[in-house]
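Structures follow.
Next, two complexes with chain A in common: one pairs it with chain B, the other with chain C.
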Partner chain A sequence: MLLKYLTGKNEDIPAGSSAIFFGFSSIFWFVVGTGLGSFNAAKLAFPDFVTGTELFAFGHMRQVHVLAVIVGWISMAFAMTMMYMTPALGNTKLWSEKLGLWTGMMWNIGLSTALLSLWIGITSGREYSDFAWPLDLVILLGVITPLCVNVIMTIAHRRTQGIYITNWFFGSCTFMVGIVLLVGNSPEYFHLTGLSEAYLTWWNAHNLLGLWITPVAAAIAYYTIPKLTGNPLYSHRIGHMHFWSIIVFYSTPASHHIMSSPIPEWLKSFASVEGVLILIPAVAFVANILLTMKGKWTLFVENIETKFSMTGVLLAIPLNMQGGFQQTRSINWYIHGTGWIVAHAHLALLGMSTFLEIAAVYFGLQQMLKRKVYSLALANIHYWFVLIGFCIYWISMTIAGLIQGAGKIYEVPYIDVVIAEHPYMIARWVGGTMVFTGNLVWLFNMWMTARAGTVLPEGRYAHELAYER
Partner chain B sequence: MAFKEYRLGSAMVGGSLGLSMIITIFLPSFDLRSAVSTKVALEKQLSAGFDVGFGYADPLLLGINRPITVVLEADPKTGAKFDPPVTAYVYQSGVPMPPNVRHPNDLGKGVQDLSEGLGQIGGVSGSNHSVGQKEGVVFTIGLGEFDGEEVSYIENATATRGWVPEATLAAAGDKNTFKISQGKTEFVVQGCWWCHTLLPEQTQDWQVFGAPPYLGDFNGENPTAFGSDRKAPDLLHVGTRNSSREWMLLHFFNPRLVQVNSIMPRFDYLWGEKDAQGNVIDYDKWRAEYLEYASGKRVYPPEVPDYAPDSEIRALIDWVLSLK
Partner chain C sequence: MGWKMDNPLYSLSDEQEQQDILKKWGEERMGGLIHPGNNRLPFPLTFLIALIILTAFLITMPIWGQRPTAELYKVHVELMNTPEVERLATPEEKMKYLDAEAMKRSASHPDSRNKGQLERHPIYWDDLLNLAPQIIELQKQTKYPLDNFTVVGDKIVLANFEGNIRPDGVRERLQPWWDKGFTIDVFYVGYYCLWMVIMIKRLPHFSKKPQVPAY
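Presenting the complex of A and B:
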């Protein structure tokens, strides 16, 4: 059927096809990515677990986990939400379902190729842009560009007067992430060396998070929360403050990632100050969503999509408090390069961002498949496994990071730090494995939804119907 | 649709992102480009070569087409003895020239002038670098004076002293040959840098891991691979803390032979199929015997095989020990 649509006429493809394709692809990559994460964590806890083969060595798999989750799960879930939210908010159809399906196809093929090549060791040696640059260009031109064209053309063909805040984010973030990838990979194709290379590596990494992962996740919440609660967004104007302050403040503090390297001091100070200013969009976003929930907090318990969404929003509070302050010089010198940062990165990607996307994928898949989620019980198992697994991971890595930081400044022999961290490495593996298990349940649940979920009556939303299992 | 908010909006998005990129990329580029290469930077880039990550000359990162570092005790041409020995960087035919021989203006003031003047790198630089690449070049690091200060510079020893790659390699012999470029590629490919950083921090931990690097220590290095997630000791100066090849041998084969609490993976697979004597390495037997040792049934662990001269582990150890 996919093949028929890919070669058929755009008009013949049912609305929502590309959203469904992206939705299931993203869940698949989430299972792969968290499975790899769990495997890697096991190797950190028990170094002789699967030993002596090059392909299954930690150093060959760590970056595959990171990029499978970022490019596979998170970004494909973003594409999925764009495929159904953008037209819905413009009261129109997706500009081209066919282009959407082709984007999804290219995405899966390109990402599989890139991850396989990375796995066997073909790498640029630059964190978060590890793929060899021809593959980076494939992703930029074959995936991000068509996605951007589709989203912006859908917004341009909208049948509403204004543009809702979610679409402001979608349109500009897909454009900006393309610029970030283009410029951020320039050390590879222009062969820039030395500190310029190091700095641009982190400029790229920072802006992938700042102009893609966190703002798009927040944009999703601006859609799902009003939709699920029936309350209008508390303030569209505060939403715009969030949007503009993200672009102005979040695109600048890249150098706080290499605070301890000999880059210019003025750049470090600038990044430090701009980094604290990230609190402005952060507080605007969280406050706006919490105020939108007014009077509807029962849904946080009763409705699975709201439960995921609000957990993501609440996790944005510690995320931004950490993010705003941990990059100031007075804190950064203690925690830089420790497990604290790993915990923080998982708080952003597995905590805030992932929970918001899970909610949007649940919501969108039910809507596009026109079926109610198969089982609430399984969805709740998914929720608690991911949340508890994440919390175990986050807390244990934060503690491990503080131990490492203390070891660093008190000049403790490194091996004693490794010994002290061992229990937390085991806890990290337990947490990661719980997340992986929860996602397997989710994949099964969504598969059963597509096959056996109750069909929605015409014109009804899935969350308006009672759960049956 | 009288008020075209999206027109103004699009312009503002472009404007803010452009301004942000001017501040965070364009302005710092003046500071970063003004960095003058230190001797450390010259050593690093001459031993590592054009690229240790993905590149045209070695797309599969197998460690081919790499410069080789040799320590010469005598002049390969005249036979005159050197005291102290001289380090030379041998670029055989087909090996891409080092980055700043291609682009000498990245060397920084003084270093560029001396490298192009006394060092005679002009013949292989710029658009002519394919000449050097075709015939092969031997580089050394010279010491000269610029504006009253001592400055290290790149010297094209093929031009200044008539050293050719094959004769230089033969004069050094295998004992004094170091595959540092291939070794750094192993560091990148095997993911050592996911745990071992190459950046003692400017705050406290340089007291344990050695001096933090200077601004000019990185010119020509690609990738820098600082690492961000430290789960193991920093390696930037590891060669001065521990210069024992034998310790490295045991530690890479199975880290728990020398440090029972280590969480480092075993890198025994880098030994390849045969050891230094050409015998096939029986990994299964070794692991079985090691398990017996670990569970207390053996007094001594099994013997770690000596690596073959063309094994990957040799290159990796060469590189690690070069980190002074």
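Presenting the complex of A and C:
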């Protein structure tokens, strides 16, 4: 059927096809990504686990996990939400379902090739932009550009006069991430080395978070929470504050990732202040969503999509409190290069962002398939496995990071630090494996939803029918 | 796009513009159910944002999180070969003595940060053996004082700060209170606040709510 749509006319493709394609692809990559994460964590917890094969060495596997999760799960879930939220908010159809399906196809092929190349050791060696430069170009031109065109053209062809906040973010972020990838990968295109390479590597990594992952995840909540609660978004003006502070403050502090490097100190001072000011969009976003929930907090317990969404929103609080302050000179000297940072990165990607995306994928797939989720019990098991697994991971790695920080400052012999943090490495593996298990349950549940979920009556939303089953 | 400047803290849009926006918000059914609300920024949120801006500058002030300077270990180097230190048997005992002496002298040092810096950047006997020749070498030159040099791992390098220009035309390698980074930040935050005030005040006054039709 996919082949038929890919070669057929745009008008003949049912609305929502590309959202469904992206939705299932994202869940698949989430299972792959967290499975790899669990495998890698096992290697840290049990050093004798799978040794002797270069391909399965931690150095080969780590970046495959990271990019499977970022490019596969997170970004494809974003694309999925854009495929159904953008047209819905403009009271129109997606500009081109066919382009959406081709983008999804290119994405899966490109990502599989890129991850395979990483696995066998073809890498730029630059964190978060590890792919070799031809693959960077494929991602930019074959994936991000068509996605951007589809989103912006859908907004341009909307049948509303205004543009809702979610679409501000979708339109601008798909454009900005293209610029980030183009500029951020320039050390590979122009063979830049030394400080220029270091700075641009972290400019790329920082802005992937700041101008793609965090704002798009927040944009999703601006759609899902009013939709699920039936409340209007609390304040349009706080939305303005959130949007513009992301543009102004989140795009600038890249050098706070390399506070120990010999870049000019004034640049570090500038970035450090801007880094704390990232709390402004965070506070605006969280406040706006929490106030939108007014009178509907029972949904936090009763409704699975709200449960996931609000957990993501609440996790944005510790995420930004950590992020805002850990980059200052006074804290960075202690936690830089330790497991604390690993914990923080997982709080951003597996905590705040993932929970918001899971909610949107649940919501979107049910609407696009016009079927109610196959099993609410399995959905709840998924929620608790991911939440508990994440918390175990986050807390254990944070503690391990503090131990490493102390070891670093007080020059404790490295092997003593390794021994001290071993229990936390086991906890990390347990937590990560719980997340992976939860995702297997999710994949099964959504597969069964497509095959045997209760059909939604015309014009009804899945969450409205929570007690009809 | 009617502008009105007579009462800028109320709204920068004229009455017609405000009504048009409210009508649009009330009538447009984006995605079926979604409407933007027109509530004001709650006072605690405004307070929090002001607090964040203040904190951002205070917590990144030059008094915090500095790398150790070569000046910090001057006393250690001065005393490490004295008979008092040589009499001590173990490197731990030697460092304990040297740290205590350095702390004692730092109490009378005009820069009150030194005591805290010494606590935050402890070194061991092996480190000192490595750093001492470099510090002795630096003491022979007169262009920069020792506190213009930072200790980075096992090396001592000229700091990357761009400070005040001395009468002899040399730029100090100390972080000045007017650090260029902070100065840019002040303008950046200023422009952001100005832009936000204009953006927000162009919206209808928060006392006016969009009329949402019943579904």
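Going forward, the second predicted complex is superposed on the first by the 466 of 469 C-alpha atoms of A that agree within 3 Å, B and C clash if a C-alpha of one lies under 4 Å from a C-alpha of the other, contacts with A are read in each partner's own complex, and residues count from 1 in each chain.
The definition used in the following text is that a contact is a pair of C-beta atoms (placed from the backbone, for glycine too) under 8 Å apart; a residue touches a chain by one contact, two chains touch by 3 or more.
Please read all numbers here as calculations on a predicted model, not as lab measurements.
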Open item on the list: If we overlay the two complexes on their shared chain A, which of chain B and chain C does A:L267 touch? Say first, second, both or neither.
Closed with: both
- [ ] Tell me which partner A:N91 touches in the superposition: chain B (first), chain C (second), both or neither.
- [x] second
TODO: Classify the contacts of A:W244 with the two partner chains as first (chain B alone), second (chain C alone), both, or neither.
DONE: both
TODO: Mind working out whether A:Q161 is in touch with chain B, chain C, both or neither, as first, second, both or neither?
DONE: both
Open item on the list: Going by the contact rule set out at the top, does A:V301 touch chain B (first), chain C (second), both, or neither?
Closed with: neither
- [ ] Classify the contacts of A:Y223 with the two partner chains as first (chain B alone), second (chain C alone), both, or neither.
- [x] second
Task: Winner by number of chain A residues touched, once chain B and chain C are compared - done: B
Open item on the list: Let me check the overlay on chain A: which residues of chain A are in contact with chain B and also with chain C?
Closed with: 161-162, 244, 248, 252, 260, 262-264, 267, 270, 333, 409, 411
- [ ] Show which residues of chain C lie in contact with chain A when the two form their complex.
- [x] 24-25, 28-42, 45, 48-49, 52-53, 55-57, 59-60, 64-67, 120, 122, 124, 127, 152, 157, 159-162, 175, 179-182, 184-185, 188-189, 191-192, 195-196, 199-200, 203, 206, 210, 212
Open item on the list: List the residues on chain A that touch chain B in their complex, please.
Closed with: 43-45, 47-48, 51-54, 57-60, 62-63, 121-127, 132-133, 155, 161-163, 168, 172, 175-176, 179, 183, 187-188, 191-201, 203, 244, 247-248, 251-252, 254-255, 257-258, 260-264, 267, 270, 333, 336-339, 341-342, 404, 408-409, 411, 414-415, 418-419, 422, 425
Task: Footprint of chain A on chain B - complex, ascending - done: 1, 5-6, 9, 12-13, 16-17, 20-21, 23-25, 28-29, 31-33, 35, 41, 45, 50-54, 59-61, 99-100, 106, 188-195, 197, 199, 201-205, 207-208, 212-215, 217-233, 255-256, 259, 261-269, 283, 287
- [ ] Flag every residue of chain A that touches chain C in the complex, lowest number first.
- [x] 85, 88-91, 160-162, 164-165, 223, 226-227, 230, 232-241, 244-245, 248-249, 252, 260, 262-274, 276-277, 279-280, 283-284, 287, 291-292, 324-325, 328-333, 409-411
